[in-house]
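Paired with subunit B in one complex and with subunit C in the other, subunit A is shared by the two complexes that follow.
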Partner chain A sequence: MTTTTEPYSRPTTSEGITAFFRSQKAIPYLLLLPAILVILSVVLVPLLLSFWTSFTNYNLTKPDTLYNFIGLRNYQRLMGNAEFWWAFGRTFLFITIALNLEMLLGLGLALLVNKITWGQRTLRTIMMFPMMFSPILVGFQFKYIFNDSIGLVNNALFDLGLISQPIPWLVDGTLANFSIIFAEIWMSTSIFAILLLAGLMALPREPIEAAKVDGCNSWQVFRHITLPFLMPFVYIAMTIRSLDVARAYDMVRIMTNGGPAGRTELLWTLMTRTGYQNSQMGMANAMGYVSIILSIVFTFYFYRKLTAARTFMGGAQ
Partner chain B sequence: MTSKIFARALLASCAFAGVAGGALAQEFDYGSFPDYTLRVKLIGGTQYEKLYTRIPEWEALTGAKVEIVSSKNHFELDREIKQDIAAGQINWCVGSNHTSFAPQYGSLYIDLAEHIPAEELAKYVQGTLEASRVDGRLVQLPRVTDVSNLYYRRDLYEDAAKQEAYKAEFGTDLAPPKTYDEFKQQVIFFADPPNLYGTAFAGKDEGMSGRFMEILRANGGDMFDENWNPIFNSPEGVAALQWFVDIYEAGAVPAGTVNYTWDDIGQAFAAGQLALDLDWPGFAGMYSDPAASTVAEHLGFAVAPVGTSGKSGAWSGSHSFSVTEACDNKEAAVSFAVFLTNDESELMEAQAGNLPTRTATFDQAAQWFVENDKPALAEMFTVFQQSLAEARTPPLVPEWIEVSNVLWPQLQAAIVGEKTAQEALDQAADEARIILEDAGRL
Partner chain C sequence: MSAMTIEKPWQRWAIRIGVFLAMLVLTVPGLWVMLTAFRPNIEVLARPAIWIPQNWTLDNFARLFGLSASQQGLPVAQYFINSLVISLTSTLVAIVIGMAGGYAFARFSFRGKGPMFLAFMLSRTVPGVALSLPLFMLWARLGIIDTSFGLILVYMAINIPFTIWLTDGFFRQIPIDLSEAAQIDGCTRWQAFWKIEFPLARSGLASAAIFAFLTSWNEYALASQLTRTTASKTMPVGLMDFTAQFTVDWTGMSAMAVLIIIPALVLTFIVQKHLIAGLTFGGVK
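Showing the complex of A and B:
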């Protein structure tokens, strides 16, 4: 092998790094460094650790099992676990129904409140009350409301003479799922209402007035001007809520804890029972990573819709 | 199995108590720990926190300070302790514990028998102390004992019309049930929904598994054989589950009972909605308090019914205190745990209606109830103490909670009519087998 003499000596890697950090170019990176370190330590490290544990039989009370690599065994077991896939499907349905109904009701509320000219601020504050309750309290509240023997709903129906036998709200498969969706909607509709109200308040008056001058009726104004303008707000609200909907876990745990007989089992109740009560954190994390597919699907869908809505607003059509 | 030893030891302890009383008077040395701060994680909740009013007394006695770093319900505390183990952050000394939870924690807690003199340990109910051991190590010091017993509404049993109707239908006098068959017969007889139900049972979590386990054992069956094979899908198990299915189908329990936990049942009985309630001693205080209960004046007590084997299989367990291996002052921690379970502390627990864990306290409490015009609780103590003789804990292995978590959803499935009792138990047994295989027991 022959060597050639270079006209100048090439800096070594360490000299290059030192030079970079002393240059002007490094300033933005240095300023961002604390934030990057914080994000790495609070987001990336736990993510990587939990991803690793999903390939182990990590048991919470046996720290040594963190290093027992078992390959894809947790994932293989999950593929054949009917209970898990039922919970997966039920969670998908729960999110779809709850978010859509919350959006529709939130939109209705926002439109109504937007019409009010006196006391709107007070009403907006009142509207935010359900958001202030912790999901555990909401769970206890609705567990009592839907209790079959002492609950408010059954007592009201008895008093009105509409039923002669108590309705098992939290037992029957359909009614139990209805009850937890009802509680979730009660708790979170106001989030949609507030976000959409903000959109309505930012709505320019000119296109609406122009449409009215052109003879559009109220429905046409809403359908062709107000709604398209609001759509970016709707999709932002949907995206935020689809990521935040797991807050409902505490509520479901108190109301049914996934029962009876798994009829209201959602991914969140199943994962918590597996990870904490059964201490099988490796398996619970594998469930978590499979269920992330759900979050990715919802987020991807809403972002695409958001981009489309913004393009529409930008006058592309 | 350990739980059988527990039952025998309980019997032995009752006989032992009277003879040994005089020799057990020696006082425990609580030590002196000036300027030391003891960090503790204690179970929260009204019924548990009254005892903590004694903590300043221990502080004055020893010169130490107590810092309660966590006070939560037991399920939350269990989760937090597991997180501490996973993170290797055991920076506290004393933690609340329970017979059902203790086997899960591995080597987290010390063997108290190495730190507490034998003469002090002899003051505890020996059966309860035996059930507090995990793999032979005394990892917890019991503070109150839970054992199932019957509460009933005396007014219903004394109602002449009901007595007549019951005699006409079944040919026997109406009296609190002595067998589970009678229990079922009576709860169906009394049920008049929605105003009155025969009973209610804890229908989810370990409560459901435990209720099933005690009828299974009362029928002569068990959860596992001596080699840890699940055998709860035996004919005795099917009969036990069918008992729940029958009373559910008959409408003798609220339909929502499959979502009930202890508090829901307690509220329903105190509101006069249930004729009978198989429950823990801790509810006696609330049920006999006219301010909190509509049935206070008609409250009756009876020992838990027996199954087809002639035994009651009464489910039992104890709340307790444990000391961590990582504690920097084990002497102070042990002193604290002993203080909160000594005769004075146990009397305080007993006065609230709990079954104490010190032998001497039973007589002291009975006398206190008589002197303080609480005849109902005095009667409760006499009746409930009898059931300790046949009391049994769940299997004391780390896998119990995990097995329970595959069992109760299947029990629910049979109760609400999705599966037959045999199908449900077979599936639960298959899932339990996998858990025990993974744990290396099979």
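Showing the complex of A and C:
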């Protein structure tokens, strides 16, 4: 603001800026300024760097390659890479299966707990138990429980006489994927259950009573009154979950780290392997962008659904 | 709703059993790990399995802190201190900055409000692993890799959007008339905030703070790449120390898991009511 090379225009704009910052209008921007600065410097600038890097063949061991622009070649190579497509497909499937199952199980649990008249508060506290576990702990816990020689699951099956050979939960490709999905569901079903339970408790009674008087059965009441009312809560939970769905990386990292033989490889584990272990930062950042877009698409989709459901509710009330 | 539908006794029992089984699945895995932390290694590895602990021991914890003669300890005490310092500092700063932002969104209408709110939320969408790649490059160049400061900066940025979301909801719950009345009585807006709105939002802010603390405390993906040594390694990263060896030290890891979970357990318990209210209110209304 002090450099006045253009004596006629500069002072007026700077005066304009000063006047703006002294006015009432500036207050919200000033309040938001620190937040904006932090997000700019710790998220946006790194993302721009990441974007640039994804167009170079940057290798950690050769610092000069950061300026080696190679256009879309990283993305082209990804498109032709079967390993990448497997990881991408698996990640997409993982998110879809996990979110849907968590939603259904959470809804079921919320409906059950809502029917219990005594000790609901205690039940809700118990439901929060898995939410306290960091993903890395959930991963460790199920690595231990699904361990083929000393794990809780195999031990129990042995002692019940159901199996004579240990089941290789984390060593067999299909079973390992099942174990990971199980761990993910264990970790996050509670979020759905708790939010949907809050929704059920806020459910107005009059429409339900009116429907009953009009001769609706329980299923019809659920389908046409309870469920539409719960939908915003479902979308909140979905939005929150899709925001941090990538924390499944921590879990998979400790449980299988993409193994056996890449059968549980997700986009996130493949990315770290490419970037940090193989030093191919350019390629890894290209994958990073694919994963960011995937996350944003999921979150944005549910956020749109949420706003739509909210305005729908606003109109109904 | 439940009062309306008259259930038959078998239905009532089916519901109870269903809830009981669900609670069992939700609690047993975690409790099993906690139990393991207090059992000797021989018992855990025994075949056939020993279900009821015969011997209780604190040796696993002693080993973590190098108090046991049998094995050299890991620098777990240092990891714990790192985790604590990093989580507390980043939370404190994120709450102050986020609260200012949340207040701006709750009380003012200004140009670009909607897109800006969305932009903050979208910044939170970026997966930690993906963000770790450029941050690793950038922090290495700036020389703040493997420092507490570097990680604090990152956790601040992670926690600010969610704090804004929560506090926006909490401030909107407080009737604007209260602060306006105070201003008519001669308070400045600044005074009205500290005397009226801040005390009313305090419990909500506390839960936002606890939520931020837990996010930092539990974070792994970024910390695993941005820390290298005892100078800045946090507890979740330290947990992986055990798997670097050929044999996994189950009891040692369980003991460390207990150390990670206890603060989370206590804090979540305190915050549970506000957390649910905050999440649903911020979203629905």
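Basically, the second predicted complex is superposed on the first by the 246 of 317 C-alpha atoms of A that agree within 3 Å, B and C clash if a C-alpha of one lies under 4 Å from a C-alpha of the other, contacts with A are read in each partner's own complex, and residues count from 1 in each chain.
Here is the rule we go by: a residue touches a chain if its C-beta (ideal position, glycine included) is under 8 Å from a C-beta of that chain, and two chains touch if they have at least 3 such contacts.
Bear in mind the structure is a predicted one, so any value in this text is a computation, not a measurement.
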With subunit A superposed, do subunit B and subunit C clash or fit? clash
If we overlay the two complexes on their shared chain A, which of subunit B and subunit C does A:158 touch? Say first, second, both or neither. both
I'd like to know which partner A:278 touches here: subunit B for first, subunit C for second, both or neither. first
If you stack the two complexes on chain A, which partner ends up touching A:205: first (subunit B), second (subunit C), both, or neither? second
Between subunit B and subunit C, whom does A:62 touch in the aligned arrangement: first, second, both, or neither? first
Check the contacts made with subunit A and report whether subunit B or subunit C touches more of its residues. C
After the superposition on A, what does A:260 contact: first (subunit B), second (subunit C), both or neither? first
Quick one: is A:133 in contact with subunit B, with subunit C, with both, or with neither? Answer first, second, both or neither. second
After superposition on the shared chain, which partner residues are touched by A:79: those of subunit B (first), subunit C (second), both, or neither? neither
Looking at A:150, would you say it contacts subunit B, subunit C, both, or neither? Reply first, second, both or neither. both
Which superposed partner A:168 touches (first subunit B, second subunit C, both, neither): first
Give the stretch of subunit B that clashes with subunit C in the superposition, choosing among 134-142, 170-178, 242-250 or 260-268. 260-268
With the touch criterion stated at the top, can you tell me which subunit A residues are shared between the subunit B interface and the subunit C interface? 143, 149-150, 158, 276, 281
Provide the residue numbers of subunit A that touch subunit B in the complex, in ascending order. 57, 60-63, 143, 147-150, 154, 158, 165-166, 168-171, 255-262, 273, 276-281
Per the touch rule, the subunit A residues reaching subunit C in their complex are 25, 27-29, 31-32, 34-35, 38-39, 41-47, 49-50, 53, 109, 112-117, 123-137, 140-145, 149-150, 152, 155, 158-159, 186, 189-190, 194-195, 198-200, 202-203, 205, 208-209, 212, 218, 226, 232-233, 235-236, 239-240, 242-243, 246-247, 249-250, 253-254, 268, 271-272, 275-276, 281, 284-285, 287-289, 291-292, 295-296, 299-300, 303, 306, 310, 313
Note: in the complex, subunit C contacts subunit A through residues 1-2, 4-5, 7, 15-16, 18-19, 22-23, 25-30, 32-33, 36, 44-45, 47-49, 51, 97-98, 100-101, 103-105, 107-108, 110, 113, 116, 118, 120-138, 153-154, 156-157, 160-161, 164, 214, 217-221, 224-225, 236, 239-240, 243, 248, 250, 253-254, 257, 260-261, 264-265, 268-269, 272, 276-277, 279-280, 283-284
As the complex stands, subunit B meets subunit A at residues 75, 78-79, 82-83, 85-86, 88, 104-106, 108, 193-194, 197, 203-205, 254-256, 258-259, 264, 267-268, 271, 273, 398, 401-402, 405, 408-410, 412-413, 415-416, 418, 438
